[in-house]
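Just dropping this structure here.
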Amino acid sequence: MAATRYTKMAYAKADDMVFGKAIKPVKAGLGLEIGAGYTTPEVNYAPRPEAGASKEKLVKEYERITTDIMARMVQIGAPAVVLETEHVQQMSNNPSWGAEVAHAQKTIMEDYHDEYGIKCALRHTIGDIREDRNFLQLRGDKYNVFLEAFEECAKAGADILAVESMGGKEIFDHAILRNDMAGILFGIGVLGSMDMEMIWTDITSIAKKNNVISSGDTDCAQANTAMFIAGGLLDKNLAHTIAIIARAISGARSLVAYEAGAVGPGKDCGYENTICKAIAGVPIAQEGKTSTCAHSDLMGNLVMQCCDLWSNESVEYHGEFGGTTVQCWSETLAYDCALMNVALDSGNEKILRDMFVASDIYRDAQGYVLAYPHAYRVGQAIVKDGNDIYLRSKNAALESIKIIEEGAKGKLTLSRFEANALADAKAAFEGLTDDKDKFMSDCLTKYKDEVKVFRPENYGL
Amino acid sequence: MIDIDPSKILVRYNIKREKEMTPEDAAEELYPKDKLIYPIAKSIFEGEEDDVVEGLEKAISSGKDPISLINGALMVGMGVVTRLYDEGVIFLPNVMMSADAMLVGIEFIKQKSGKAPEVKGKVVCHVAEGDVHDIGKNIVAALLRANGYDVVDLGRDVPVDEVIAAVEKEKPLMLTGTALMTTTMYAFKEVNDKLMEKGYRIPFACGGGAVNQDFVSQYELGVYGEEAADAPKMADFIKENGDNVVKLREKFHKH
Amino acid sequence: MAATRYTKMAYAKADDMVFGKAIKPVKAGLGLEIGAGYTTPEVNYAPRPEAGASKEKLVKEYERITTDIMARMVQIGAPAVVLETEHVQQMSNNPSWGAEVAHAQKTIMEDYHDEYGIKCALRHTIGDIREDRNFLQLRGDKYNVFLEAFEECAKAGADILAVESMGGKEIFDHAILRNDMAGILFGIGVLGSMDMEMIWTDITSIAKKNNVISSGDTDCAQANTAMFIAGGLLDKNLAHTIAIIARAISGARSLVAYEAGAVGPGKDCGYENTICKAIAGVPIAQEGKTSTCAHSDLMGNLVMQCCDLWSNESVEYHGEFGGTTVQCWSETLAYDCALMNVALDSGNEKILRDMFVASDIYRDAQGYVLAYPHAYRVGQAIVKDGNDIYLRSKNAALESIKIIEEGAKGKLTLSRFEANALADAKAAFEGLTDDKDKFMSDCLTKYKDEVKVFRPENYGL
Amino acid sequence: MIDIDPSKILVRYNIKREKEMTPEDAAEELYPKDKLIYPIAKSIFEGEEDDVVEGLEKAISSGKDPISLINGALMVGMGVVTRLYDEGVIFLPNVMMSADAMLVGIEFIKQKSGKAPEVKGKVVCHVAEGDVHDIGKNIVAALLRANGYDVVDLGRDVPVDEVIAAVEKEKPLMLTGTALMTTTMYAFKEVNDKLMEKGYRIPFACGGGAVNQDFVSQYELGVYGEEAADAPKMADFIKENGDNVVKLREKFHKH
């Protein structure tokens, strides 16, 4: 496999990072450049349940969605837009469905580009269909269909390829409800990274062949699951201090896409993306206060800090007073972007960035660690042992713990429950070996026993 | 205030796309050349009621048949107006003022000739029961009139039974409905059902903020109209191809 | 009647105006203060169509809505929230319905306030039910029911009373589609102002009696109608330059509420509110990029410039992936407010304000005129002849025209159509008399003839 | 970075509301005083499997009836856990670890006594066909187990017929379903209809991200559950008051 590990930071210092600018901007689609000095809305949508009834209905649905968005963007004068189609199962399981949707969407986007000159690009996010009912099936037949879905969509008009991959999830799901730190590390940092290396090497070569963008991944399946279980301030299913440790580790994992050839923009729901951007210099998509249609989190403004695309995550297509949902949310995103672009054009981007951060840095331990100066430190901890996917993940965890501890001495308040969970987690991570091989063999033994759905062969083990 | 380069923030697509030609120039190219007709058509375009009447007087005193001037001059002028509106060269208020001028012209001809001129067809317009939002309906009615249709405007907040009664009485080629609230649009289904019950099968064109194509497709006579400008096109289509709702939907349903 | 006209500006200069601070802050509800140094989300909602079937269903619906919002606000740590219930017809036509809803909502809000200390207040906006099918019926029986609705809601728990009144609309509706400038001025500036003086004198005394807030009005029925007909950049139903003249005039009209005793916060959809705030020093609600659920406009960020409450205008209550619509939109609003509050706390409020403005000032003539330095000038034009409701309205129109003309010499581009419409409008306003009485009698003659639904007795004429 | 006063921007309601007492202190007040039972209950609370077994061994060798220790010690410990979870004093992972420890304890007693202990009741849990989101379901299952129910966990993406078969086979007092996608939740209605068809009338508790009360109220057996913690409460309610769906809805429908 072909992963070139990062052992140093792309950015010389945290303060150099800002929204709308990436060290390595990416050209994509029709006239668009991402991370080249401006931010762009990335609109996400889900077809109505009924629309999945047949291929024709589904294609029609995506045509409506596409036209609605493009029409609204020109009505309000938005200079650019990205559309992200997250595949529903049928579209990845039957690659020709996904391809037809991509083709139909791209045709409409080309018309708008020709008529108005609006810059635009189409992202297709293939569903990670590599599982059957009870087990992950990361390799084998399903993997072939999976890769075919990328290939067909790229051929049919998708400009940007992405996925939210699931490697390591079976371990993580078990571990997260049991405060099992080794399991979280093993699932995200080790198994997740191994699986990503395989798929992103393959996705990148498909993208190159078809002259489209191999963009990036997100640890949705794990770090976001932790964030959701942790929930709002009053939920009591998981300490937010644990959720952010999972997140920090996911920085080391999602980075693997870039090590295997992806170039960004990283996927919207990767809250670890600021860490990745700090290390790899790639542009990133983010979502927060304007993706409340899809989920709630405690860093609505903070995540805008370094975004290059600004996304609504996902909204079901239906009518609202102000138009269809995709029109409403794309418009809100576009205004958010206009504000950031004003800041960029007027030299105020750092002040605005820092206001975004200040809004949420003390709301929760998660925002505290992801604030760009801290995210940068997590990045440094990762590249310090960049060649060892285990050690760098462990470093990320420990650094995030340290950051919270420092914060808690200042204005970041922790509930007693969060503080206790943090202390326990710290002890657990400090107790782990420094030897990857030992860790691997310990975990294999342990989880083959404890997690009945764990199949080492999924990872070539 | 902060000084910025607007081109970095937004694109004025309307200005980018504005036609090179002025509306007046564009209209000039479309006016009929006939010395007596030209000033009438032009006054219609300009929405100058007095000039329309003056032009008609001249044409009639020069021997033109008054009734023939409706299609031969007034409608020709309106044709220029609606074409340029469709092309985005002129805007609605111009259409409204031209339509007003045309109505004055027709009224004048009626008086002069003592005859009721043949109309293109009749359309009944209304706003759904419980709804007072009537601007969309007013635009629909104006554009229909501008295109030569005789509009029976029932106004706003129209009880279902009154709509049915008007259809029975007026025998229009099309009924239109406008609703802007999710709470009022259901009245359309009632109108549809009562019409069906009484055996009427005329197309029922529905539009307005709250209404969407999926909703309108749910009842037999419904044809969804997105823009007011679709209304006269639908009426024209009916005159040309008959009132088959399926065909109308094929032609006008965009989503 | 008891209107004390404004003849000077509350703010010494435009630059003193900023979001979150008003010269005359308003205390309302449970621990809330509006315009006292922080911005607060104001959440608006509409019950599902089925919910209107009975009073019980309706009350239940509003209970759900209220609980959903309050729960989400505490989950994300929002310090304060305002709920605005815009009456559906039934609630104003049957004042006891409105009162029951207010009571049910307030009970839930009190529980949350007691349990969490969250600051909150309830605004009830009575429907302007003073019309029958074809005619406005501003005085008489319906007016009594209308006032009763205010009284009952105030008694039952509404903290803030508002309305979107309709005086002048019959003339305006006729005039706006005909580029009839005198009609626009007569409808909004003269008839609208006269009607407002009557109702706001009465509403204020009801509010005083019940120890609640008489807040303010909006020219939704006219200026917003113009804005909607004008639509997006590519719509061709009305020149945006005409729409903004109607808006400038509406500043002179909506001001009357404060002259008759209202104290703010002005209603969210009053895009003229910046003008009113400049003159009267009252706090205001605004809506823009986070009310795309309800409508689209071309000043999504700009309108945040001086807001004290930040609103989503209205959203139908139903589910989304991220919760119910009221939860999604209230959360987005809350983050917008957090950003503004950070700016206020860190002394960056003017930079942020000016970035909001820069986002949209050149998007459209409407944003250009409403940008606070220009809105302030419109205010000055109004107070110059503050005692003459006709003259001050005409001044507002002419000043807005002048502002656009200046802008068009700089970076504000106008389409030829907009420029022509502006020139015609200018000529029309310049041709108008300076004598209110002459204008009135001319208009009465003209519109009694032209507008068959116009009934002078509605205005005591 | 910008320095701000967080209290001007946000309120940490969780911290404001956190109970004065530590979880350990709160638990201490609730443990039974019996010298032999106390350490078992405490080890359950602490989720220490080895200590649970050790405590049980001691109690048995001191003459306690093994089977009686299930309700008399293990369930008492779990009672402390679920009570403190409901009160917001402890969090889910504690409950999960305690439940794991309790299961180890029960297993140990089974072996010791050679008897199958009487269970509180059986519940079948599943995630809807086509849906892989199983965390909510896992929590539901864990809390049911923690409350002494015997859970038959069918897993995720469970075909409708398999759910029916499980109900036929296991005769549970309640069925639970979880769905997180608008596309998968319709399977609940199918499950309901097939159960009805076959004459089963057991309460079908449904929850999960996509699901809402209105949807669940549409089918006869549906009872909507908002939080996982509602599941054991529903089971308890059924044991106490019977399986009347209307009464269950009255009690658990919050909206």
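Every chain is named by a letter (A, B, C and D) in the order it is written, and numbering of its residues begins at 1.
What we mean here is this: contacts are C-beta pairs under 8 Å (C-beta built on N, C-alpha and C of every residue); 3 or more make two chains touch, one makes a residue touch a chain.
Small disclaimer: the values here were computed from a predicted structure and weren't measured.
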Between chain B and chain D, the fewest steps along chains that touch one another:
2
If we define chain centres by averaging CA atoms, which chain lands farthest from chain D? Would you check?
B
Would you kindly tell me how far, in whole Å, the mean C-alpha position of chain B lies from that of chain A?
50
Just the number, please: Cα centre separation of chain A and chain C in whole Å.
40
Averaged over CA atoms, how far is the centre of chain B from the centre of chain C? Could you give it in whole Å?
32
Touching two or more other chains - residue numbers and ranges from chain D
2-4, 9-10, 12-13, 17
Residues of chain C touching at least two other chains:
46, 74, 77, 233-234, 316, 321, 338, 341-342, 346, 348, 351, 355, 358-360, 363
Residue ranges of chain C touching chain A (in the complex, touch as defined):
46, 72, 74-77, 231-235, 288-296, 298, 300-301, 314-316, 320-323, 325, 327-329, 331-332, 334-336, 338-339, 341-343, 346, 348, 351-352, 355-356, 358-360, 363-364
Chain C to chain B touching residues, read off their complex:
46, 48-49, 52, 88-89, 131, 133-134, 173, 177-179, 225, 229, 233-234, 236-239, 316, 351, 354-355, 357-363, 371, 373, 411, 413-417, 421
With touch defined as at the start, can you tell me which chain B residues reach chain A in the complex?
2-5, 8-13, 16-17, 182, 209-210, 212, 255
Looking at the complex, which residues from chain C come into contact with chain D?
38, 64, 74, 77-79, 115-118, 319, 321, 338, 341-342, 344-346, 348
Listed in rising order, chain D residues that touch chain A in their complex are 1-4, 6, 9-10, 12-15, 17-18, 22-23, 85, 88, 90-93, 96-97, 100, 130, 132, 134-135, 138-139, 142, 155-158, 182-183, 186
